[in-house]
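Next up: the structures, one after another.
Heads up, the next two complexes both have chain A, just with different partners, chain B and then chain C.
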Partner chain A sequence: MYPSAIQNYEAPDSLDGAMAAIAKFGDDAHFIAGGQSLMQAIKSRIIQPQTLIDLQNVQELRTLETAQGVTIGAMVRYRDIAGNAGLDGRLGALRDAASHVGDRQVRNRGTIGGSLCWNFVSACMPTVTLALDPRLTLGSESRGRREVGIDDFLGEPMETDRQEDELLISIFFPQLEGRHGSAYGKWSLLTDGLPVIGVCASVSLDEGNICKSARISVGGLETGPVRFERAEEALVGVAYDDAKSHEGAISIAAEEAEILDDVTGDEEFRRQLIRSVGLKSIVTAFERAAAAGGGQ
Partner chain B sequence: MKRDVTITINGVEHRGNIPIRMLLVDFIRDVAGLTGTHVGCTFEGQCGACTIHLDGEAVKSCLLLAVQCDGKDLTTVEGLGREDALHVLQEEFHRHHALQCGYCTSGMLMNAAEFIKERPDADDDEIRRALVGNICRCTGYTNIVKAISAAAKRSASVWRSADT
Partner chain C sequence: MTGQTGTGIGASLPRLEDLPILLGKGKYFADLKRPGQLHVFFLRSVHAHAKIKSIDTRQAEELPGVVAVVTGEMIKNELLPLPQPSGAAGLSGRNPTFWPLAVNKVIFHGEPVVAVVAEDPYIAEDALELIDVDYEPLPYVGDMEAALSPDSPIVHDGWDSNQIFHIDFHSDRSASEHKDYVKRVAELIETAPHVIRQRYRVHRCGVTPMEPRGVLAEWDDSDGLMVWITSQRPHVDRYVFADVMSLPVSKVRVVAPVDQGGGFGVKAAIYREPMLITYLARKLRRPIRWLETREENLMTVGQERDQIHDLELAADENGKIIAARDMGMADAGDGCAGMYWGYNMPLVGAARFPNAFDIPFCEVQMRVAVTNKAVLSPARGLGIYPTRFALDRALDMMSRKIGMEPSVLRRKNLIAELPAKLATGITYDSGDFCKTYDRLIELADLPAFRKQQEAARKEGRYIGFGIGVGAEASGVHSRRYIVNTGTPAYAATDVRIDHRGGVTVYYGDAPHGQSHKTVIAQIVSSELGVSPEDVTVIHGDTQSTPYSTGTVAARGASLVMSSVAVACRELRQKMIRVFAHDHKADPDYGDYEFSDRQIRHRRSDNLRSGFAELAYRIIVNSIDLPPGETGSLEQKAVFENDFGMVSFSAHGAFVEVCSKTGRIKILKYITSDDAGVVLNPQILVGQIEGGVIQGISNFLFEEYVYDENGQQFSTTLSNYKMASAADVPAIDVYHDAGTYCPNTPLGARAMGEGCIGAVPGALGNAISDALQPFGVEIVETPVTPAKILKLIRN
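And then the complex of A and B:
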C-alpha cells in the first residue's frame, strides 16, 4: 500500500507557524504528529491529504512541565510519558497506559496529542484522560486560544471538538489539594495491543483514607470510552481497602455498559473483563492515593 | 509534489529529488540502495522488518515519509557492525542460530540494539515484551531471545565502564 500523491509538505518550527499553515492550506491539509496511526490511514488511502503539516519541529509541543500542576505538550511521546518518574500517584494511569501502547517502535514516535485527536475507538489515551479530567488547550490563527475539558473534547470515535483549523497545544492537569491516585489496565488479544477492554480509575481520598470522589472510564466499547457515574458515586464514602465495595462499584459499570458481540469478545466475556480489569485498576488507584502525600 | 532531501545514513549523505509521498523505507532501499532494511507487512506497520534508528531510536521506516527525515541521521543494519567486527548482537544471533530465513533479522537487530543499551539487565520476559513490534514467522522466538539476552549480558559491563 502506498500514499496517494501529496502536493505539499510543511514542517513549521513554531506554534504560530503551525497554526498559520493549517489556516493557509485549509480543508485539504492534515497535521501529522507521531504518525503511527495516521500513516496507516494515509497508506490505505482512507485519508488522502493534499498537504501534510508535520509538527515534529515545534519544540513548544514537546515540553512536559510538572510545576503548578502538570502540562503535557501535544507532541510528548509515549516513551517520554512512560519514562517520566514524576508522573506517579495521581497520574500513574498515564504511565500505565503509555508503557504498553503498541510496541517499542510505536512508543518512540507516537504522541499523546496525536492519539487524543485521532480518538480511535478503543485507544488507551482517550480512556485514560477521560478518567483523569485534564483541560486541553487548542489554538487557531483566527480565533486564538481556548480551553476545553476532556468530557467535551472527546466525541464519537474518530471525532473530537477540535475544529479543522485548530491545533491541540497541550493537556493540563491542575494541581489538586489532598491525596489522589489513578491506574489503568487493559486486556488485549496481543501483548500491548489495542484493548478488548481497558479500564481507568482515578480516586481522591480524605485524611481518613475514605474516597471523596472518583472517575471511572471504560474503553473498548463501540461508543468509544465511557464514564460510569453510578459506579463513581458508589465509590464515594468507601474505604481505600474495602475490596467488596470496590467490586460492587465496578460491577455497576459492567452491568450498565452497552456491549455488542464481536470477533474479539462476546458480551459476557467483555462484561467479565470490565469486572476483572476494572477491579485491579480501582484497587491500584486506591493504593497509589493512600501512598501519596498531600498537595500533589 | 517533489522535494530535495539530504538524509545521512550510516554516516553517508544521500541526496534525492523525491515525491513527498515516498516512504522512508523506499528511500533507504531504492534511492540509497541499502536493501538490508526489509518490507514485510507494507501496510499495518506491524511486522517491524523495516526497523531502523532515527537519531539513535528504533522506529519503523514504513511509518515515516522520507521528507520527514530531511537533514536527519539514520542508522540501518548495514551500519550496525562491520564485516570484520560484527556487532555483539550479530555475533550472538549467529552463535544461537537466531534466524532461519533471515527476513525479520535486520529489524530484530535494530530494535534490540537500542533496547539492550537501555535495559542491559532485562530478563527474558522483558526481552519478549520488547520484541512485540517484530514478527518472526519461521524460527520462533526462543533462540532470538537467547541471543539478545547473551548480547545484553556481554555488553552491559562494557557500557557500565564506559558510562563512569
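And then the complex of A and C:
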C-alpha cells in the first residue's frame, strides 16, 4: 500500500495554472480532486502517475451558483451538494445521492467532478447526472473550452470523453420552464455503500400534472449507468399520481436491463431491485415536480 | 447480579484505558520505531495451488535500498519449521510441516513466497514488482467434501489424503461402550416419532480487528532476541520463537504493546510472518519491522466458521429430545498455523455441540479437510458459531413438525440441573439456564408478539421472532486446553504493593480491548481498600510478568481476575497478621476491613492504620515481625479449576423480512445473560453488544469469497462487508437473571468468547419464523436479500 515514486506534485491556484500543468507534464500526469478513489488506486499501484496535479487550491472549481440555472464547479464536494437547500425539486436527486455516498469522511472530501471523471461502474454521480441531463464544460491549454452533454461525456465504465490534457471545469444544469422533479435511490448491502442497484428519475409536468418528459437511468449494471428510453416514453402522458403506470414504466427498465449474476445479487434479484428502488425514485420525482412552482 | 458500587467490583467505573487513547496517546504497535529499522514486504502467491519452478530475484536485489531478498529455499535450512513442541496442538491431528516462505509449491492464494527487506517501505514495494516467479499451476482443492474423497488432488506433499483431523467423541465411554452407545443413538433415531434430518452450513467468515498484525524484532549479541508483536499470547510466542530459532528461552523477550486494536482470536495463533521477521533480525543484525496491510490481513487471517453439519435430531411425542447425531465437516484451509492448525476450531465447535440442551444420547463426529485456502484462524466464538446455528435451527424445525411453540420446546429441553456433563465429555459447573432463559421469554412478551405477527401477515408484512442460546466456556480448564492447543489454562498474576501503598499488578497476558486495566483496578480497590488510581497494571511483557497462556477463551473474568483476587487476599491476610501483632490484637481476618486506604478493626475504632503506613512497616521497616513472618508485600497467585466453568446467554431477535426485496430488518434484539457477579456492568454490556454485532455481521454481510480457481475476492473492506453502526440495531442487554458462580472467588463468569454463540440461531430462527407463510427454513448462511428472494420464489 505504498505508491510507486511520484516525481512531481503541483498545486496550481488557478484554472489556467491547472491546464498549463497538465499540458506541461503530459501523459504521466494525473489530476487529483478529492482523492477518495484515486488514492486507493495509487496506493495499490493500479495506476502509477509520475505527476500529481492537486486541484484543491483552484477556487474557480469550488463554486456552486444558482443564479441562471445551476452551475456546479467540478471540485464541489458531496457535503456541499448534500447541504445546499437550493438544490431541490428538479435537482433533488443530486442531494439524494450526495447525502449517501460512502461515509462522512468521504463526503467531506469527495467531489462531483472527481466522481464523473473517474466514472466508476456503479458510482452514484454518473447515474444521477445521466438522468438530469447537464452540460459539462471542459478546458485545455491548447484548445480552449468546449461543452459536452452528459450522454456523450460518460463512456464505458472508467472512461469518459475527457481528453488527457483536459480539465472538467463545471457541470451546468440549464434553467427550465415549467415544473420538474427528480429523485435518486439506491440499494446496497451495507448502509451508504456502493449501490447494487441505483435508479434516478427526472420528470417534467404540465399544468394538469401530466408528465411531459422523463429521463430514467439505472446504475449498478456491468455496463455502467444506462438510460431506458422506452421506460421514459412510457411515462409521458401519465398523471403524476398514476402509480400503476409508474410501476409499468419501471418494469420496462427492469426487463430490458442487461444483468449478469455476481456474488452480491443474481439476475432476478437485481431486476426486482430496479422495480422497487426505481418505483420509489419515480414516485418521489413526481411528488417533487408537483410541489414545484415554475422555473427551477 | 451486581455487587457493590463506587469504584470497586460491580461499579460501572469508566475505562481507565480510554483517556490516553482519546488523546491520541495510545501506545500501539505502529507507534514503535527502532533506530536503523528495516522494512519487510512479502511477495505473495497469485495461485491457490502451484509448483514453484523458479524465482528470479536478481533485479530486486540490485535496487538501491534493498538489503535482502529471501526465498523459502534460502531459509529452510536456517530455521526450524513448525510444528515445534511449543506450537503444536496437543491433539493427534496431522500437523503439516511449514516454513515462513513457500518451499517447492504454494498452497493458497496469498501465501508468502518471497520477502524483501529494504530501507523504507516504498523501496520494498518497488522491489516486489521486480521479482519474477515462474509457477506451474496445480489443480485447486477448494471444496471440503470433495477434498476428503479418495480421488482428490493432495494439498500437502507426502500426505495420502486431505484429512487433517477426525474425532468421534467418546467422552469417558470405552471403545466397546461407545459402540453400544452409537448403536443406541441409531435405534432411537430410527424409531422416534419425530426426526429432523437436515444439512446446515455456515460459510467462511470471522473477525477483523481494526489493527492488523505487526512484528518488530531486534537482535542483540548479549541479550538475544527482542520482539514487539501484536499478540494475545506473548509468553507462548516467546517459547515458539525460541524453539524455531534454537535459542534458550532466556534469550527471547516478547512484548505485546500496551494498546492493541482488537484481536478477537486472530492474534492468538502462530503464523508464518513473525517467524521470518525474528529470523531476519538475527541474520541481518538490524531491527526488522513488518506491518500487515489490510489486504494481507483479509487474505491470510480472520477466516473461520466454514463448517457443514449433517444433523439428525429425534424427539418423542411431547417434544423431548431423545437422541441426536451430528456428522460435522470443516474446511481448515491449508492448516498451517501453530497452536490451532485449522482444526482446533471445528473440534471445539463439535465438542460443544450439545450446547445447553439435555440430549440423552448424542453422537458427534467431526472431519476436517485441508484445502487450498487460507488457514482457519481462531475467532471469537471459536468453532461454535456453526454448531449453535445447526442445533438451534433444528430445534425450531422440530417445534414446527410437532406443532409446538419453539420457545416451549426449547425450554423443555434445557439442562435443568448443574453441574452437568455432555455426551462429548464437556463439563458445566454451575448456573441456572432455565432462570436466565425464562427472563428472556418474559422480556420478549411472546403472546403479544404472536398477535402482532398475525395482524401484520394480513397486511402482507412478515415479522418473526427467534431464540438462540449459548452455554459457553467461562475460562477453559487445563485438562481440555492442553489437548486443544498445547498450552495450559491457568492464570498467573503477581501483585506487588510498594512502600507508599501503590499496587502494581503484573500479568503475562496481552489484553487488546478487554478493559483489564480497569477491572483489575476495581478488584484491587475492593480487596485492598485502595483507590483505582493507586493501581498500575503491567501486562504483555515476558521479562516482567509470570508465564500465562494469553488473552483467549474467556479467561478474563473467570481466571485472570480470580488470580488477582486470590493474590490480594493473601496480601491482605499478611497485613492483618502484622497489624494485629503490632497492636497486640487478635488476628481474626474477618474482624478487619480495608477501605479508604485504611485498615481498621470493625469493632474497635482506634485500631486502625493507613494502608501506606502499614505497607511501609512491612516492606521497609521489616523488623519485629510476628514469628515466622518475613518482610515484603509481593504475591504471585495462580488460579485454575479442574472442570469446565460456564456462562449462559439467551438471545431473542425480532425481525421483519420484506417479501418483495428480501430485505431483513432487525426490529429488536434482546439478550438475557448469566455473567455471575458482574464485575463492571458497562464493560460487560460492551462485550455482549460487540459479540452480538459481530455475530449479526457474520450472518448477514461478511463472507470470504474464493472463486472456482481459489482466487480470493474479498481482499478489501469494500468487498468483505462489515456492519457499521448504521447497519445494526441497539442491543438490549439484561444480566439481572444471573447466578453466583461458586467456583470463582468473585462469583463472576466470563462472557467475551461465547456471547456471539447464540446469534446465528436467534437470527436464523427469527427469519424462518417470519417467512413461515412461504414455508422457508434458513439452513445456510450468509442470509442475503438475494437468497431470501430465491427461497421465497422456490
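Structure notes:
Please note the rule applied: the second predicted complex is superposed on the first by the 296 of 296 C-alpha atoms of A that agree within 3 Å, B and C clash if a C-alpha of one lies under 4 Å from a C-alpha of the other, contacts with A are read in each partner's own complex, and residues count from 1 in each chain.
Basically, a residue touches a chain if its C-beta (ideal position, glycine included) is under 8 Å from a C-beta of that chain, and two chains touch if they have at least 3 such contacts.
Source: prediction; values computed, not measured.
By the touch criterion defined above, A:273 reaches chain C but does not reach chain B. When the two complexes are overlaid on their common chain A, residue A:35 makes contact with chain B while staying clear of chain C. When both complexes are overlaid on chain A, the residue A:187 reaches chain C alone and has no touch with chain B.
Of the two partner chains placed by the overlay, neither chain B nor chain C lies in contact with A:146. Applying the stated contact rule after C-alpha superposition, one finds that A:265 touches chain C and leaves chain B untouched. Within the superposed three-chain model, A:104 lies in touch with chain B and out of touch with chain C [touch as defined at top].
Applying the stated contact rule after C-alpha superposition, one finds that A:45 touches chain C and leaves chain B untouched. Between chain B and chain C, it is B that contacts the larger number of residues in chain A. When the shared chain is aligned, no partner comes close enough to touch A:230: not chain B, not chain C. Residues 1-5, 44, 103, 190-192 of chain A are contacted both by chain B in one complex and by chain C in the other.
Remark: chain B residues 1, 3, 19-21, 23, 42-45, 48, 51, 57-60, 62-65, 67-68, 111, 114-115, 128-130, 132-134 touch chain A in the complex. Interface of chain A with chain B (complex): residues 1-9, 11, 32, 35-36, 39-40, 43-44, 52, 54, 56, 79, 102-106, 108-109, 190-192. Residues of chain A that touch chain C in their complex: 1-5, 44-45, 103, 187, 189-194, 263-266, 268-269, 272-273, 276.
Every residue of chain C that touches chain A in the complex is listed here, in rising order: 121-122, 124-126, 129, 293-295, 660-663, 700-701, 703, 705, 713, 718, 721-724, 726-727, 784-786, 789-790, 793.
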